[in-house]
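Here come two complexes built around subunit A, the first alongside subunit B, the second alongside subunit C.
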Partner chain A sequence: MSSQTRPKLLWLQSITCNGNTHSFLNHPDLFLILSHFELVHHPVLETAYTMEDLLQKKVSCDVLILEGSFQEEGFLKDGVEVSSLIQYYAGQAKHIITAGTCATFGGIFKQKDPAAISGFCFDLEERTMRYKTYASRLISLPGCPIHPKWLSYVLLMIANKRQIEIDTLHRPVELYGYTVHTGCTRNEYFEWKIDTKNFGLKEGCLFYEQGCQGPYTRGSCNKILWNDTSSKTRVGTPCFGCTEPNYPQESLFSTKTNMGIPAKMPLGIPRRAYLTLTGVVKSFKIKRFTERLLDYDK
Partner chain B sequence: MKKLQIKQLIEKIEGEAELDFTFSEGKIEDVKINFGFYRGIEEILQGKDPRDALVITPRVCGICNHAHLIAAVRAIENGYENSGVKVELSSKAKDIREFTLACELIQNHVKWLYMTMLPQLEKYVNQESEENYAIKATYLSSIITKALSIFAGQWPHSSYAVPGGVTCDPTHLDVMQAQSLVKESITFFEQVMTGVSLDVYLSIDSVSSLHEIEGDFGKLLYLLGSNEMAEIGQSHDRFIVFGDSLLSRSGKSIVTTISNVESKYVEEALQEGTLAKAVTYKQKLYEVGPLARGMVAKTPIVKNLHKRYKDSLFTRIFARVHEVALLLNHSQRLLETLVLDEPSCVLDANIPLFEFEGTGVVEAARGSLIHRTTVSDGKISQYEIITPTQWNLSHGNQEEQGIAIEAMVGAASIEEATFIFRAFDVCSVCTTQ
Partner chain C sequence: MKIAEKKALKRESIIQTALQLFSTNGFHKTTIPDIASKLKMSVGNLYNYFSSKDVLAQEIIKYTSEVLGEKIRVVNMTEGTAEEKIHQIVTIYFTMAKEKPEMIEYFLRVYLSNREVFSDGCEGMVCVSGFITEIMIFFDDAVSSGELRNQDFFSAFGLFMGYLGGMVFLKGEGVLPKEIEKYIDDISLNIYNALKV
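Now for the complex of A and B:
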C-alpha cells in the first residue's frame, strides 16, 4: 500500500508517564502493525513530522491515539494548550483511541486536581461535555498501562475496516468482556475460598485478604498475557483494578470486607449467590489446599 | 559582541524540554532548561496507605518505573527497620529484585543507544543511513522485559516487590525461560551491537583496544571519533552514586579520590523558571548515572577513557553502553545461582506499624533515585522523590552552572549542544514528576 492510501496515525500525549508508549513498544509485531498506517507523529519513534509541525497544526490525521489525562487549561507544550491540540486533531480523526486509563477516565493524575483533570470523553464514569462531539468515533482502551495487544487489536480492526463492538463506556467487548480473574492460575483457590497465607506463595487466592480486584475488574490480562508471559496475579501480585473508571482506589494491598466477606462482589454475581456458594464450599476441608501445591501426592 | 538568544524545543526524550540558549561570540555561554508540567505524584500520595506507593510511584515514569518500585519498597523497609522491625530479605528475593532491575536498565540503555544516540548522531554528522534502528531497540527491549515479567508479572508498571521480598514464587521452569531470554539478549549484544563475544568485549580495558568493538556500538564510536567529538561535552568532573548495586558501591568521586556518601546530605531546592527542583550534595553539584557508577566502581575501561577524554560526551556515552555488557553478564550469573527453596517474602502482609520514616535508594538507568516516605497514623504524610535527572539537569547554583549546562557551554551550534544534552539520557517526566 502506498503512503497516500494508508490512514494517517497520530500518537498524541497529554498528562502522562509514557507508560502506554513503552508498553506498546513491547509488541512483537510492532512494525508490522504500524506498516498499515502512515505514522505522522509519535512520542519516541522517528516520524516525518516534528512536534513543532504538530503544534503548528501542519499535520493531518485519520486515527488519533491519545495518551494521558485531559486538562482544559494549563497543560502546554511550547506555549500551546494541549487541550486545543487534542480537540483540533480529534475533530478531523475518523477514529479516536483513548489509550490508557488516564486518557479514558482520568486515572492517577486526576487525583492531583480532580475538578480540572479527567479523561478526554469520560470523567471517571461520567460523560464529559466533549463526549457528544466525539462519541461516534471513540474507542476506550483503559489500563495502566494498556496491553500492547489491546491496542494492536483496535488498530488492525481499523486497518481491516471492521466494526469494533463496544460497551457503554466504549470499550471493545472482545477485550473487556472478560474479567482479570478469567484465566488466573489461582482460580481453584478462589473456587474453594482459600486465601493465600502471605505474599510470595504459589498457593491461595488474593481476593479475600490481599486486595485483588481481578474478579470484578474488566480486562483480559490472564487471557492475553503481559509480555507474552505472565500477569500480576500469576506472580502473586493482586490486581489493582487499573482498567476501571475509579482507578486508583485506596489501600490497594488489602481487601475491604464486611463481616469477613469481600465488600465488592465478582462482576455480575448477586451477593446472595456468592454467600450461598461460599457457605457450601467452606463446609468442606480439602486436604490438597491445606498444604503446599507441589507437596501433595509426593 | 551582541548576545544571541535562541529557544529550541527538544522532543522524543520521554516528553519534551525547552532549551533557551545564549550565544556569545559564536559559542554557547548559557542554557536554561525548562520542563513543562508538574503532575504532583508526591502530593497524590499524601493520605494514602504506605504500600500504595508501590503502585503509584512506578507511574512517575514509563521507562524507569521498575526502579521507582524498588526505591519505594526500600523506603518502606528502611522505615520498618528504623522502627525496630528487622527486615532481612532472603538471598532469593534480593537476587530476583537485582535481576528484574538489571533487565529494566538494559532495556533503557539499548533504547537510548538505538532510538536516540545513533539516529541523532547520524543526523548531526550528516551521514544518515536507511537503518530502522527502532526495530533493533524494540527487539532487544521486548525480550529483556519479557525475562523481567517472568518474575514481576509485567513491564511496564509491575508492583511485585513488597515489604519483605517479592510476590512471585518461581519454579525452575521459570528460571530456565529467563535464562534463555538472557542468552538471546547476549547473542544480540554480540552479533548486532558489538560484533564480538561478550567475554572478549568484557576483556577490553584500554583505549587502544576500542577498535575491536564493531557492530552498531562500533559504528557509534567511530562516528564520534572521526567527527572530533571525543573531547566535547565536559562538565564538572564530580560524580556521585548513592545506591549499592551490582554495578557500583555507593560513593563519590572527585579527581582520583573516592569517598563515602550519606543520603541525608542531599538537598532539594526550587528553581526559577522551571518546575524541576535542583539537587545538591553538601551544596555541591554532582553528575549521576552510568559514568558516575563507572568512576566510583573504577571500571578499568571507563577510568582509562576518563584519563584521556575526561568527563566528555564520549566517556559518558561509552559508560552507558558498557553497562549493558556488565548487566547481561551479572544477570546470567544471578540466574545461575538463584536459590529457589528460600522464602520469597519474609514479612507478614500486614505489619501493624503506623509511624515511621524511611529512605529507599536505587541505582536507576539514569543514576541514583531516592524515595523518602513519612508515615503517621498509618497514612503517608509526606513523600519525596529525588530523580537522577534532577541532578544532571539542574540549573546549578551561585557558584556553578548545572552539570548538563556546563557540558553544553562552549558548543558552537545548537545541534552540537542538543546532542550533548541527549547524551545524558534525558527524561522529562522523571524530572518534574
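Now for the complex of A and C:
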C-alpha cells in the first residue's frame, strides 16, 4: 500500500508515564501492524514529522491515538497547551483511540488534581463536555497499560475498514465484554470458594483475601494472554482492576470485606444470589483442593 | 385447583405436621406412620411425597430456614438503622418462638441434636442458607454503613444467633421467669452494644 492510500496515524501524548507506548512496543508484530498506516508521529519511534512539526500543526492525521490524562489548561509542551493540540488533531481524525485508562477515564494522573484532570471524553464514567463532539469517532481502550494486542485489534479493524462493536463507554465488546475472571486458571478454586494462602502460589483464588478484582473488571487479560504467555492472576498476583473507570483504588493487595463478605460482588451478580451460593459451596470440603498441584517434596 | 397446586399444598401440610411431631416427640420417637395417621393419609401415599424420614427431616429444616429468612429479608429491605433492625430480627425470632415454637424447637432439638440425619444432603449451611444469607446481608449492610464493627462473620453470627437460640432453649425448658417477648428490648440492646463500632 502506498503512503498516499495508507491512513495517517498520529500518536499523541498528554500527561502520561509512557506505559502504553512501551506496552505496544512489546507487540511481536509491531511493524507489520504499523505497515498498514503512515506513521506521521510517535513518541519513541522514528517518524517523518517531529514534535515541533506537530506543535506547529503541520501534520494531518486519520487515526489519532491519545495517551495520557487530559487537562484543559496548564499542561504545556514548548509553550503550547497540549489540550488545544489534542482537540486540533481530534477534529480532523476519522478515528480517535484513547489508549490507556488515563486517556480514557483519567486514571492515575487524575489523583493529582481530580477537578481539573480527566480522560479525554470521560471523567471516570461521566461524559466530559467534549464527548458530544468526538463520540462518533471514539474508541476507548482502558488499561494500565493497554494490552498490545488490544490496540492491534483496533488498528487492524480500522485498516480493514471493519466496524468495531462498542459498549456505552466506547470500549470494543470483543475485548471488554469479558471480565478478567474469564479464562483465569484459578476458576475452579473460585467456584468452590477456596482462597489462596499466599501470593505466587498456583493453588487457590485471590478474590477472597488478596484483593483480586478480576470478577468485576472488564478486560480479556486471561483470554488474550500477556506476552502470549500469562497474566497477573495466573502467576498469583491479584487483578488491580486497571481497566475500570475508578482505577486506581486503594489497598490493591487485600480484599475489602464486611464481616468476611466481599464488599464488591462479581459483575452483575446479585449479592443475595452470590451469598446463597457461597454458603452452600463452603459447606463442602473437597480433598483435591486442599492439596498442592505439584508436590515438590515428593 | 390444579393437581400440581394440590400436591404442593399437601406437601406443605406434611412438612408442618411432621415439624410439629418431630419438635414435640423427638425425631427418633416419631415414625412415618405417626405422621401419616395424623394427616389421615396412608403411609404409602406419604412416601410418594418424601422417600424417607431423613429426607423429610431435611426438607423441614430447609422450609423453616426459608420462612425465617423471608421475614428477615423484609427487614433487610427497609431503611432502618442497624440498631432498629437488630430489634426487629430479635422480635421476629422470639415471636416465632412463642407463636410457632415448633419452628425454632425443630432447629434446636432436631437439626442440631441429630447431625447424623443431616450429614448427607444438609452439610454445613446447605439447608439453612435461606436464613444465613439474610443474616450475612444484614451484617454486610450494617458494616458498610459504619454502624457495626468489621470482624469475622462467625464471631458476630455466633454472638447474635447463639444468644437468641440460647434464650429460646431456656424458654423451651420452662426456666424463664418472664414471657420471652419481655426480653426483646434488653437482648436487642445487648447485641447492638456488643457489635457496634
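Keep in mind that, in the parts below, the second predicted complex is superposed on the first by the 294 of 298 C-alpha atoms of A that agree within 3 Å, B and C clash if a C-alpha of one lies under 4 Å from a C-alpha of the other, contacts with A are read in each partner's own complex, and residues count from 1 in each chain.
By our rule, a residue touches a chain if its C-beta (ideal position, glycine included) is under 8 Å from a C-beta of that chain, and two chains touch if they have at least 3 such contacts.
It should be emphasised that the depicted structure is a prediction, and the values quoted were computed from it without experimental measurement.
Asker: Report for A:258: first if it touches subunit B alone, second if subunit C alone, otherwise both or neither.
Answerer: Second partner only, subunit C.
Asker: Taking the superposition as given, does A:275 touch the first partner, subunit B, the second, subunit C, both, or neither?
Answerer: The second partner, subunit C, only.
Asker: Looking at A:283, would you say it contacts subunit B, subunit C, both, or neither? Reply first, second, both or neither.
Answerer: Only subunit C is touched by A:283; subunit B is not.
Asker: Applying the document's definition of touch, where does A:38 land relative to subunit B and subunit C: first, second, both, or neither?
Answerer: In the superposition, A:38 touches no partner, neither subunit B nor subunit C.
Asker: For A:244, using the defined touch cut-off, is the partner it touches subunit B, subunit C, both, or neither? Pick first, second, both or neither.
Answerer: Neither subunit B nor subunit C is touched by A:244.
Asker: Classify the contacts of A:78 with the two partner chains as first (subunit B alone), second (subunit C alone), both, or neither.
Answerer: First partner only.
Asker: Of subunit B and subunit C, which one touches more of subunit A's residues?
Answerer: B
Asker: Given the touch rule stated above, what does A:236 touch, subunit B (first), subunit C (second), both, or neither?
Answerer: first
Asker: Could you pull out which subunit A residues touch subunit C in their complex?
Answerer: 257-261, 263, 271-272, 275-276, 279-280, 282-284
Asker: For subunit A, which residues are in contact with subunit B within the complex?
Answerer: Going through subunit A, the ones touching subunit B are 13, 15-23, 25-28, 30-31, 43-46, 50-52, 75-78, 108-109, 111-113, 144-145, 198-202, 209-210, 226-237, 240, 242, 248, 250-254.
Asker: Name, in rising order, each residue of subunit B that touches subunit A in their complex.
Answerer: It comes out as residues 9, 11-12, 14-16, 18, 36-37, 39-41, 43-44, 48-49, 51-52, 54-56, 59-63, 65, 93, 111, 115, 119, 132, 134-135, 137-138, 141-142, 145-146, 148-160, 162, 164-169, 177, 343-345, 348-350, 429.
Asker: Name, in rising order, each residue of subunit C that touches subunit A in their complex.
Answerer: Subunit C residues touching subunit A: 123-126, 129-130, 132-133, 136-137, 139-140, 143-144, 148, 150-154, 156.
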